[in-house]
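Report on one structure; see the data block that follows.
Chains here go by letter, A, B, C, D and E, matching the order in which they are written, and residues are numbered from 1 within each.
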Amino acid sequence: MDYFNIEYISIVTGFLLILLGLFAILTQKNIIKIVIGFSLFDTGIHIVMVSIGYIRNRTAPILDETVNIKDAANQIVDPVPQALVLTAIIIGLGVTALMLAYVLKLHKEKKSLEIQNFSDLKW
Amino acid sequence: MSDINNNTNNKEDKFLAEENKKRTVIGPDGIEFEIDPLKDYFCDQKPEVRDPKNKVVEKFINWARAESLWVLGFGTGCGSIEIPPLLTPRFDAARFGVQMRATPRQSSVIIISGYLAVKTLKRVIRSYEQMQSPKYVLALGSCTINGGMYYDSYNTINRLDYYMPVDVYVAGCMPRPEALLAGFNKLKERIKAGRAEGANEYAEKFDWYKANQKKIIKDWNMPDYNW
Amino acid sequence: MLKKGLILIILIAFAAIFLSLISSFNGNTELSDLGSYYAKNAPSEVGAANLVTAVVVTYRGLDTLGEVVILFLAAAIIGLLLKLSKDEKDENSRMENVRATSEILQTATKILVPVIFLFGAYIFINGHLTPGGGFQGGAVIASGLVLLFMANPNMKINHRLISFIESISGLSFVFIGILGILLAGGFLDNKIFELGTFGKLLSAGAIPLIYIFIGLKVGSELSSIVGTLNETQKEK
Amino acid sequence: MVSPIHIITISLGIAFALGIFGNLPKKISAIIMLIAIGAITFISAQWAYALYFGNAETTQIFTAGFKPPYSINLQMGIYEAFFSLLINIIGLLGGIYLFNTLVKQGKNAIIVFLILIMGLNVIVLTQDIFNLFVFLEVQSIATAGLIVLHKNKDSISSGFKYMLATGIIAGLLLIGIIFSYYFTGSLNIADIINANIGLSKGGAVAVFLILIAIVLELKPFPANGWAIDVYQSVKPGFAAIISAGSASAAFFVLYKILPIVPENFYNVISALGIITFIGSNLIGIKQTNTNRLLGYSSIGQMGLLITILGLSPYLGDKLTFIAFAILISHYLAKAGLFWLSGIVKQQNIKNWSNLRKKPVLMVLFGTFIFTLLGFPPFPSFFGKWELIMQLSASGQFIWMALILVGSFIEGIYLFRWFSNSLKSENSKLPEIKISLNKFIPPVIFGVATYGFGYFAGTFVEAAGAINYIPLLFIAFIALIDFLPAWTKNTISIAGVIAYIFYLYPSVEGDLLRQIFLGIFLGGAVITLFSGYYYKGKRLGFYPMALAMFAGLAMLITATNLFEILYGWELMTIGSYFLLIRGKKSLPHGYSYMMFSLGGSYTMMFGFALAFAGFGNLDLQALSGITVYPTLAYSLILIGFMTKTASFGLHIWLPGAHGEAVADIHFMASAILLKAGVFGIILVLLGMGAEAIYAKNILFVLGWIGAISALIGNVAASFQESAKRLLAWSSIGQLGYIVFGLAMMSHLGWTAGLFYTITHFLYKGVLFLIIGGIALKLGTPLMYKMGGLIKKMPFSFIAVLIAIITLAGVPPLVGFAGKWLFYNAIISEGFYFQGVVVLFSGIVAFLYLFRLIHTIFLGQLKDEHRNVKEISVWLLIPVYLLLFAIMIISAKPEFILKPLGNYLISYFPTGALTWNETMVSTALGHWDGYWIMMIVGVMFVILLAWLIITNAKAQKVKQFNMVYAAERPFRPETTHMAHNMFAGYNKALGFLIAPYVTNFWNWISNFVYDTAGFVRRIYSGNGQTYVLHIVAYIMVIYFIIF
Amino acid sequence: MDNIILKLLFTLLGLFIVLNWGLLMSAIMQKIVARVAGRHGIPFYQPWIDLIKLYTKRTAITHGIMFYLGPVFRLGGGVGMFLFIPLIYGSEYFTNFSWSGDLILILYFQFFGMLGMALGAGEGGHPNSVIGISRGLAQFTTVEVPMTLAVISIAVQYQTLSITEIVAAQQGGILNWTLFTNPLATAAAMLSLLGAFRHAPFNLVKAPNEIPIGPPTEYHSSFLGVLRTNNAILHVIEAVLFMNLFFGGATNWFELILKSFLIYFWSVFVGVVFPRFRIEQSVAWFLKVPLVIGILAIIIFI
């Protein structure tokens, strides 16, 4: 089987991005970098999602002039993952924004961005 | 005389031992009250004269009493060293019914074995009073008769019979165990004859004895009669 | 270093999960049942040319409502979180002597911002026909605002106004949803209006309306977020 | 009916509207929010009501007018309605509770709160997996927002950790969802279930990711540091919502997606659950911060629920009930506890004692704690019972054991917390101030626990026969607790007597039960009667005493194993509260509870094994247990022996009883311990003596009895406190009884039961008198007493007769027991155990002499010169008991004959033979009546002789004694009492070295240290928490695949 | 009815004989001890004289009701034991009231007197009394262990607890005595007997020269008389008990006197030879050799 086609490449890229994001989250000490890691992670997921719905040699799920409405089912890629990814992106955006707000607040509390400085609660 | 019996006249508080002074305590219910140890802890009854019973019976009983002389193991002076040999094979007082007892409650004879210091007198009186009647006093040596070589001592008594009724004096300084055995035999005779009524005499002339005792014992800090 | 190594090992092990997913992934040759249903029926049922829009706004309208709520929440929480005490506000206002931004930026802003806003509006109005939609349009509008902030760091946005727009759009969205129950098949059904001619601007029932509200809402929410973040962090 | 969709529309509409009218006064906004939540509560309540009573059917709500899977659909079934109701109620009450905070934080907080509740509702209702994801995100973002209601740096950092962790989890969920879509082509949960994608490798991984993400939402140990920090740092009022509301919703999600999961994952799910349950409870042990502790407990409870879901194949149709009962208990109790935590405002568990000043709150606190621990009459008890029984019926013994271990560990810290608040010093703590809005929610939940307890009881088949009248009576007494003690006392006595008459017909013809009815409830009347001595209100005493007696009565009338446990637990609760009334009883009450708890769990395990073999719960299930009989019988016996305080399980008793006041001491020792005896009797009757395992068990039991007797009596001899002396003595006496029963022969049982009765009589006398004296003198230390015979002659006579009886000196009835023992030992061949028992019987003289001498004889102390006889209310029952002793001393056949007739049906051989008053065995003979006569006549003659020879004895006072020609100084120095048997101690003191205590200490230290070690994984660093999550998923992945 | 009265009279006669034999025996023992020491010793009639003297003392004191009752209990214990033990095997009358109880009754009736004495002495309030009692009780607990083992052993051997039946089983020649049929039990019991008679080295209770005379420190006059009466009875009775259990019982008074003398002599003999133990030594001693012997005595019957 041919692994060097677009959906494989994109899905592998997506997963690599996820792992990269996780690696950043787990190893970076700076909270902002952690948030960036989270963004990478999220983006990776979005890429994976889009790859899932991809069908080779088909077009976007918009029924304009290029698509025959009657035979749309055989001409377009799956609209559902795209719809889902839209939602997921927005959610990721919301989460990231919120995280950044937290970072701001944390920095204000301790004037520090090192994650290990925020471990007062433990055990 | 009567006021002699009354302890209060005796500036006793100076001599009264700490534990015999009055004290206030708090009960478990929180109420405070006073304790007078001499009254609360000691019986203040005076001794009574106990007359002998029916003559025949009494004669028999007296014989038994004479043959069973239980001696209080209490040595007051140098003469106490003469008592232990009595129990040895050489003298063996046990054959005469003489046995040593450890407690005055069970003894019938107290041996005043020589000089009697005033502070010992107090203990002797207490022990004597704790013996049950009929009880007998055997006095050893000249010190108990007239003070002996301590006749002018500031601290010993001269005549024992001022302080308690003596049944038999054994003379000598000191009398040897043989003399002591003889003294026991004398005592037996007295008992059998019904003349050894020292306990009753003590009860009868209690006030006089007490007066004498209190006269010489300055720090009198015990009840009048030690039951 | 040791820890990093450990993390690496764990992640490599973790990658095994993904590997097994990839190995079972064979690509697609056909649409899924769901996809082909949408491809076949969406034009007649929803009337939106953009199938993604049809799915997002109508078929999975509740998801969209959830998304909107999430943004709304994010904005509200950031507001809650970064609400400045009075002292801080005063302090911030005293530090306004920041260096002015460059002339180029300011000029470009003046020219570009209206265009950006217009573009945003276009995107969400045409959401049911062309790629794009309320979210995308809202984001474009918000990017215009970011540009404004960059040009003029001391700019204050009118939070009350933004909040009003945000809420009224949200409320309208919900209201349209309820109308769906009353007038059509169910909550968020777009057939409260005529579906119209397929492929025209005024078609697809309530979708354009909804997308307008979503666009407004997203735009205002993102603006609000950016604005709040901007106000809070004033470096000396 | 209002469509469930309006839960969404109303909440969102109001939320957005509040945004529009941003200028509204904050209070009004909050009220509007509450009205909105009230409205959605109404909707779900309406549905729940209709669905429960069958007025409606499960309804699908299609959005956008399309059928699923093409559009998102919501489902309103009975479960959905129920969970949504739970969420809305906690939202409503939580909103009321948080009213002030919300008002202070303003519009945004109010909106976020409202949306959170809405999000939780949708999570429950939705049938679309992606929609589920969206609203899980809504929920988690809203939660992240509300975390900062408590604006401090801890809450902000924990909020960040929470965001990070939930972000990762959500990402993984998303991957799982998209792949499941890839494999099924649908997002509808029903479709995914039908597609059965778990069969393919990739599908299984997708399902795994979904599952693990949902499980992670339930905060499994150890990947839950982020959640625990949240519990600790947020406002308690909000923690209540997370714990009760969010967790319930997440649990329902797990329930919802469970059918997707392939069967072979179930064990893993249960394992994850049980690890969470045990692990987080273990860590809780070391915890002193209340909110964090509650967090651990919440997570533990969720773990239990996960386990239950994982075990669902074994639970059959009981699954719903079990999950319901445990969830509702967790829901009510945890929310209540968090609310209380917010009211008390103390972070350390040691500082909760100021709660005592508010009795209502204290009652609530106790209610919630006992609810969590699964005591009756609370729903979790029924749930746990059914859970264990069903598991046992399916042969899942390991799971049963693990669940019980986890529950026990939870008990450790919850009780430590509770008993600390009951007993520790509270003078320095600030007064608790309650506002009405914080007071109402916990009260409602507190009342609800009882209501649900009753409700849950109606579902348990075996609970059908439970008589609720006594419980209502107790509730009534609890309500009139403000009245003076004597009124309550009178009412209680009347109640108990009425109950005796009510119960008597049911035990008629069953001598065993008659005896124990007499001991339990007759004893109850006696102790309650003696309670008249108490002046004042005696708050809390009567409900608890009556609960204990009700439990005991339930033991007697129990017709099945469930009722036994129910009564047992009820009795445990009651007695715990009675024992803990003593001044320094904190550690002892705690250890009592620990042993009781452990005991009831082992018992439950044993019952379950019996059930597994027998198939139903009748008492006959105890006869001939077929599943692991050795284990089952041993466990049940251990359970009962925690109450008889047999060797190894006795260490709680001396302290607990030693600190109890007079009548409580009587209840605890003379009556309560007999409950264990009753249980052992039931077990042994069922077990028989023939099987090999029975022989082994009886052998061990016999030695346990013998060693208890020895240790108890030797230790009693070395006690300085009269009460502890009696307590140890009880251990010893119960040892005799256990030994007698272990002989499993006619004589042995006669002896054992006879001892049971007589022990009740003479120990009753001793406890009341000694307790009364200790009360009067203000100390139980014997060397501080002395010479009281002159002040308390009636007490002295009573004690004298009691100790003569106890010692087994003829002619009193105690001798009968000894005689029976000798005969039994020799005829049954229990020689060496027998010698130990008889030796300890003689050792009893040591402590008996010490007891009577150091208290009544010797020297009267200064401060006691004015004391009076003990209260007449104590003396009257004492003399009643003495009367009974004298009667059976002269006429032992009154008891022995019926006993023999009764036992002959169980042990046909070796019965006593009667010839008028003469009783004989194969070995010996004994004539109680004649001995009594002879000794009596002789005694009178000798007394006359002494009086004749010694007529005029002079009465003297206490210092008139020979004292080596001196006189005593003070009574204290003359009273030989302290360390009385010093020489004996030198020779045999090694016997009472606290080996057992050391053993249990070692165990508890081990557990404690383990907890301390394990909890270090919670480093507080958000990154580490993420690492935990990643590693957790990785490990489980490799375990499954 | 006549039978009962006759029985009563014979019992009183038996009691009289036992009492006098007890007094005489104690005099003889003292005499033997004196002769060993090279002394002449007391006259043989000394115990009677002492008793008469004590009963005829003119005064007495009492510390209270228990102090008064103590000696009554004590003597009651002795007389009671006498009443419940069969003296002469085969005699219709000198079996006293032994039909009303068995060996166990005797074992436990010992406590009757001990308890009374302990309480009486306790009310006396004297510390030495209590020290003596606490020692006595402590020692007694372990003294009883080998005794219990021996009793169990012979009960298993003869399958009865009735003393009469045990004696009956030993009739028919010296080799039928428990001494020979069950030497281990006998050995354990005889060692236990040393503790029961409380001669040296187990004379911890009265401990002359240490706690002067222990429990009866405060007793005197007729109280002491009663106690001494009891001692005389009790010594004989305990010896008779051992005689019945281990030495074939007695079929006539002469046999009884001889055997009880020898049994009593055993403890006096040991007492002359050994010095006194401390309490913990004494307690520990009984839990060593006698205990092991006792256990062996049971093991051979398992």
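Here, a residue touches a chain if its C-beta (ideal position, glycine included) is under 8 Å from a C-beta of that chain, and two chains touch if they have at least 3 such contacts.
The structure displayed is predicted, hence computed values, not measured ones.
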If a chain touches chain C and chain D alike, it appears here = A
In contact with chain A as well as chain D, sorted by label, we have C
Touch-network distance, chain A to chain C, counted in steps | 1
By Cα centroid distance, the chain farthest from chain E is C
What chain is most central when centres are computed from CA atoms?
-> D
Most remote chain relative to chain D, going by C-alpha centroids?
-> B
Chain pair with more C-beta contacts, D-E versus B-E | D-E
Counting in whole Å, what is the centre-to-centre distance of chain C and chain E, each centre being its mean C-alpha position?
-> 107
For chain A paired with chain B, centre-to-centre distance based on mean C-alpha positions, whole Å = 113
Please compute the C-alpha centroid of chain B, do the same for chain C, then give the distance between them in whole Å.
-> 118
Inter-chain centre distance, chain B versus chain D - centres from mean C-alpha coordinates, in Å | 70
Scan chain C for residues touching two or more other chains and write them down.
-> 7, 11, 14, 21, 25, 28, 32, 34-35, 38, 60, 63, 66-67, 70, 73-74, 77, 81
Within chain B, the set of residues that touch 2 or more other chains is 103, 105, 227
Touching two or more other chains - residues of chain D | 130, 134, 137, 141, 144-145, 148, 156, 175, 179, 181-182, 187, 954-956, 958, 960, 962, 1027, 1030
Can you name every chain pair that touches?
-> A-C, A-D, B-D, B-E, C-D, D-E
Sort out for me which residues of chain D touch chain B in the complex.
-> 776-779, 862-867, 954-960, 962, 965-971
Given the complex with chain D, which residues does chain B contribute to the contact?
-> 17, 19, 23, 25-29, 31, 33, 35, 37, 40-43, 45, 74, 103-105, 123-124, 126-127, 130, 222, 226-227
Which residues of chain B touch chain E in the complex?
-> 50, 61, 64-65, 67-68, 70, 88-89, 92, 94-95, 97, 99, 101-103, 105-106, 108, 132-134, 199, 227
Where on chain D does chain C make contact in their complex?
-> 3, 5, 8-9, 12-13, 15-20, 22, 61-66, 69-72, 105-106, 108-109, 111-112, 115, 118-119, 122, 126, 128, 130-131, 134-135, 137-138, 141-142, 144-145, 148, 156, 175, 179, 181-182, 185-187, 200-203, 205-206, 208-209, 1027, 1030-1031, 1033-1034, 1037-1038, 1041
If you look only at chain A, which of its residues touch chain C in the complex?
-> 1, 5, 7-8, 11-12, 15, 18-19, 22-23, 26-27, 52-56, 60-64, 69, 72-74, 76-80, 82-84, 86-87, 89-91, 93-95, 97-98, 100-102, 104-105
